[in-house]
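Heads up, the next two complexes both have chain A, just with different partners, chain B and then chain C.
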Partner chain A sequence: MSAQPTVVAEGVSKWFGQLVAVSDVSFDVGPGVTALLGPNGAGKSTMFRMLCGLAQPSKGTVRVLGRDPRLDVGVTRAIGLVPQQETVFERLTGREFVALAARLHGLGEPEREAERALETVGLDPADPRPLPAYSKGMRQRAKVAQAIVHDPQVLVLDEPLTGLDPRQRVDLVALFRRLGEEGRCVIVSSHVLAEVERLGSRVLVMSQGRLAAAGDFHDLRALMDDRPLRVRVRTDRPRELAGALLERGAVLGLRLDGDDSLELDTADARALARALAPVARDRGARLLEVRQLDADLEGVFRYVVEQ
Partner chain B sequence: MSAVASGGARAPRTATTLAAYYGLLLKTQLSPARVLGIAALGAVSILLGVLTRFDADSAQASADAVGAYGLGLALPLATLWLGTLVLGDLVEDRLLVYLWLKPVARWQLPLAAVLATATLVVPLMVLPIAVTPLVAGAPEVVPAAFLAAALAALAYSGIFVAAGLWFRRAAWWGLAFVLLWENALAYLAEGFSRFTVVGWAGAVLEGASDVSAPVDAGSLAAGVVVLVAVAVAGWLVAVVRYRRGELD
Partner chain C sequence: MARADMFDPTTAAAGPATMSDSGAQLFDLGYRSYDGERHRPARAIATLATFTARRVLGMGRGARHKVLPSLALVIAFLPALLSVAFAVLTDDLLEEDLISYGEYTFFIGAALALFAALVAPEALCPDRRSGLLGLYLAGPLDRTRYVAGKAAAVYGVMLLIAVGPLLFMLLAFVLSGYGPATSEIPELLLRILASGGSTALLYASLSLAVSSFTTRRAAAAVATILLLYVPMAIARSAIESADAPTELDLVSFPFVASELSVRIFGETSEDSGPISELATAAIAGGLLTASAAALLLCWLRYRRIEAFR
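For the complex of A and B:
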């Protein structure tokens, strides 16, 4: 944690009728890059909306530079946001879009500042095409340009790498890291673990509206590497197969599921794969299906939350 | 990018930001379909003026056309189309965030929306309404028709910009308002015209000329004050919604 946090959320909850989108989340973030990690629907975007003042917390408080972003219009000068939505102004070029942001932020030379921001994200300021004619990756970069044109102290990026090709991802990740190293507070959301690994070491993990974990990415990674894998096996002789696998010590645990299925927990998927076929052959069992469960990010987060 | 500079940035000037909002909203509103649709409504008004030219009292006949069709139907429909969409489109497309998250006083965007709507309605609808008495052969009614239409356009702009922010299906609410409130009730319920824009626009039309309007709610001075007040009230209601509303 930073000694002087730039962004502070205290006991923040947000609900829409009966639906709880964010539940009692507290954290503080200082200069540098912080990744907000979580599966789709975890509440990341709702949290970002509250951080930027776009939505009022149902409970709790959000402060940016010690000020309430919902009520204090002036603090928006210090915030740059790349929202998740893909829609853009249909009749504006990239340059007009970014220059508009510069003008609304009161920059002295909006056109020049727009040029600079566009060049920073690798877009041609002289491109005469309207934004809808851009590729998805170009539109995404234009959104980043409008967010950084005024050199904000706090940069909130909601899935900013969506739609970018690998080269563009590398460039933007480098830009975000540089902005963080220069002293800005950069908060980036993502549901892709590999992206987060490249962005920086500090992570906040959200799952089902709650803050599931906060800390160093490498600790989280180690926790995930220790995570047992769950594999479903469909076979015509589940009991015989289960007994043999337990005998060989190939699984940490197992559960019979119906007449033809087993769910196996293993710490070593390769060892299980090596053991499974010979054991099945020895017991005369036919393997109808072998499928890894919990391989998606949702499963990873569930495990992290359980820990 | 240079080092962090936001701490030293100055507050943007009101004229600059208002002009930026206004220019953007004008640009986003100007689609060929909208221009042609509203111009068609205006053309019908002029056509009515041509037809009333053959009336024995062409001045009164043109005033009837201006009051019943222009002020009561075409003008509110045109303003409804533009006014509810000027900010409503940004809400629907989730683009308002790019304008909201700026160090700009919250009253500016709704004001720019009202002004942008009125700016488009004047050439596309107010001018054809004002020209209607001219082609009818009653040029003396032109200033009154222009004044009544311009003030009504301002009032309707305020109402429909606010509706665009408050209601999800603002166009349908607006259509019901125009047909039921501004027409059926204004004409059929005695004394109700005092609560309608068309009634006070009729008051301006009647008070500024020697013709009588189909509906008339009071004096010329009261009409001017009420119509401007309605525009201001609509703008303020829009500001309240813009300040308090939550954005996607």
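For the complex of A and C:
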């Protein structure tokens, strides 16, 4: 995926007794934001734990910055982890929790850096409440603060947007994007695909413990040639337009949707685009909207995990 | 990213600014890279040890977290306090009426056991139960450093109870004129450190080993107490009723610690049971072997643990 991969997994498998959680997964990830997607039980969190050195692959190797995160503490110092589980907190305040992380990472001014990190995620460093008294979204942001306090080169974010309100999501998505744009390797998993789409277009999709897809999701959509593209066309003459398109053989199928809308299935979006305007002109139809429906991340994700 | 009303210019330096010709500036309050000092990874061990020791002693926590540590400290220091008080307040007290330095470990056996059952479980179990272990290990601590930090904390806190009362007694006796001659103080100090150090080592390592097997503090505490007293009961029963070798009494851990302390101070114990028949080297070897084996077991457990919560 990148000329200089920061994270490399080669033939990684992980099993627990008879249960295979991850099966022969290989990928590499460079600077920028990459989304690791998959349904529940796909092996994402297990993969994350192996990336952070928390679990040993049963087979294969994981390298972060060229080194083994399980054995090399120099690498894990460069990693920031937002774990999925919420129970990581003792009865510390947000400031104590983040300052502890800063101290463990050997920062010169841990209190000051903790304040900065908390402010960055929109939390009040002076909040005297212990973390268990925080709302779910606040706890989530505290986890993000402890993950970024030491300015890591690699950020591993397991469902970091869970429990956040829309405004907080927008803020954190912007933060993650910025961290990626600054050259850090940000790997994020989320069930909120619309937010993931805003983070960037590079994805790794896992399904049933295996890597089902890797790359830019627009490119992945283009590769899905066994599945027709669906295009919505709004026009003042949908029936005339539908007949003409079928006549020309420009669509595989179509569906009238209301009085002014058509949904077209095509194997070749470019050919359809070339045909659409002349046909509309010939039939005196005005094109009010032309929009591809399933080229978003959710469409790609559904296709990949269901195939 | 940070809210404007939260931004405090005295604590958060402004990021790169956009400035107009008129001098108006928009500061970037978002994420800023850290380019300050970074300490060596070894510092993380000290940080973890300090944090753990404070938590175990209930420092910075609610009152209920201070009850058991305080109780153990009171039990540990009470004999020393009473001994000093009697010495100071009673004119005709004989030296043999006071608790000797060598006997002290035996006298505070209950406090040592209580502390051992309290400290290591509190230090180790919650991290695995809550998932905090994962954050530690995904950060600047590998498994060995993590165990080193935790062991340092537990050992340090055990030292507080194993050495503290003896140092208090020495200081109080010296200040009140009942103490050893000035020339004898350095040697006595070394004996105190050796005695307390070995006692703390045994209790800390055993409780660490036990605590590495469970995520539940209560289970670890009970198991620690059982480990201290059940093998002792079995070994002594076997020695007395089945003529088992006296060396078997080396699993009577509380007596191993107290007997070694007695020997370190050059005293003789009145009734320590079969262990008093063993050579000092055998007792010291037994203590060190048990401690090393327990620490090794704890380390091996953490080498294998996968932080999955």
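Note that in this section the second predicted complex is superposed on the first by the 217 of 307 C-alpha atoms of A that agree within 3 Å, B and C clash if a C-alpha of one lies under 4 Å from a C-alpha of the other, contacts with A are read in each partner's own complex, and residues count from 1 in each chain.
What we mean here is this: a contact is a pair of C-beta atoms (placed from the backbone, for glycine too) under 8 Å apart; a residue touches a chain by one contact, two chains touch by 3 or more.
This one's a predicted model, so the numbers in the text were calculated from it and none came from an experiment.
Enquirer: Is this a clash or a fit when chain B and chain C both end up on chain A?
Expert: Once chain A is superposed (C-alpha atoms), there is a clash between chain B and chain C.
Enquirer: Thinking of the overlay built on chain A, is A:Glu115 touched by chain B (first), by chain C (second), by both, or by neither?
Expert: After superposition on chain A, A:Glu115 lies in contact with chain C alone.
Enquirer: Is A:His105 in contact with chain B, with chain C, with both, or with neither (first, second, both, neither)?
Expert: Both partners, chain B and chain C.
Enquirer: Given the touch rule stated above, what does A:Glu263 touch, chain B (first), chain C (second), both, or neither?
Expert: neither
Enquirer: After superposition on the shared chain, which partner residues are touched by A:Gln153: those of chain B (first), chain C (second), both, or neither?
Expert: First partner only, chain B.
Enquirer: Determine, under the contact definition given at the top, whether A:Asp124 touches first (chain B), second (chain C), both, or neither.
Expert: second
Enquirer: I'd like to know which partner A:Asp171 touches here: chain B for first, chain C for second, both or neither.
Expert: Only chain C; A:Asp171 stays clear of chain B.
Enquirer: For A:Glu10, using the defined touch cut-off, is the partner it touches chain B, chain C, both, or neither? Pick first, second, both or neither.
Expert: neither
Enquirer: First (chain B), second (chain C), both or neither: which does A:Glu240 touch?
Expert: Once the two structures are laid over each other on A, A:Glu240 reaches no partner at all.
Enquirer: With both complexes superposed on chain A, which partner does A:Pro83 reach: first (chain B), second (chain C), both or neither?
Expert: both
Enquirer: Thinking only about the overlay and not a real complex, which stretch of chain C clashes with chain B: 9-17, 171-179 or 297-305?
Expert: 297-305
Enquirer: If you lay the two complexes on top of each other, which residues of chain A touch chain B in one and chain C in the other?
Expert: On chain A, the residues that contact chain B in one structure and chain C in the other are 49, 52-56, 73-74, 76-77, 79, 81, 83, 85, 87-91, 100-101, 103-107, 116, 120, 146, 148, 150-151, 179, 182.
Enquirer: Which residues of chain A touch chain B in their complex?
Expert: Contacts found on chain A: 49, 52-56, 73-74, 76-79, 81, 83, 85, 87-92, 97, 100-101, 103-107, 116-117, 120, 146, 148, 150-153, 179, 182-184.
Enquirer: Please name which positions on chain C make contact with chain A in the complex.
Expert: Residues 1-3, 6-8, 11-12, 29-41, 43-44, 47-48, 51, 55, 60-62, 126, 130-132, 134-142, 145, 306-309 of chain C touch chain A in their complex.
Enquirer: Where on chain B is chain A touching in the complex?
Expert: The contact residues of chain B facing chain A are 1-7, 9-13, 16-17, 20-21, 24, 27-28, 93-95, 97-106, 246-248.
Enquirer: Could you list, by residue number, the parts of chain A that touch chain C in their complex?
Expert: Chain A residues touching chain C: 49, 52-56, 71, 73-74, 76-77, 79, 81, 83, 85, 87-91, 96, 100-101, 103-109, 112-113, 115-116, 119-122, 124-125, 146, 148-151, 156, 171, 174-175, 178-179, 182.
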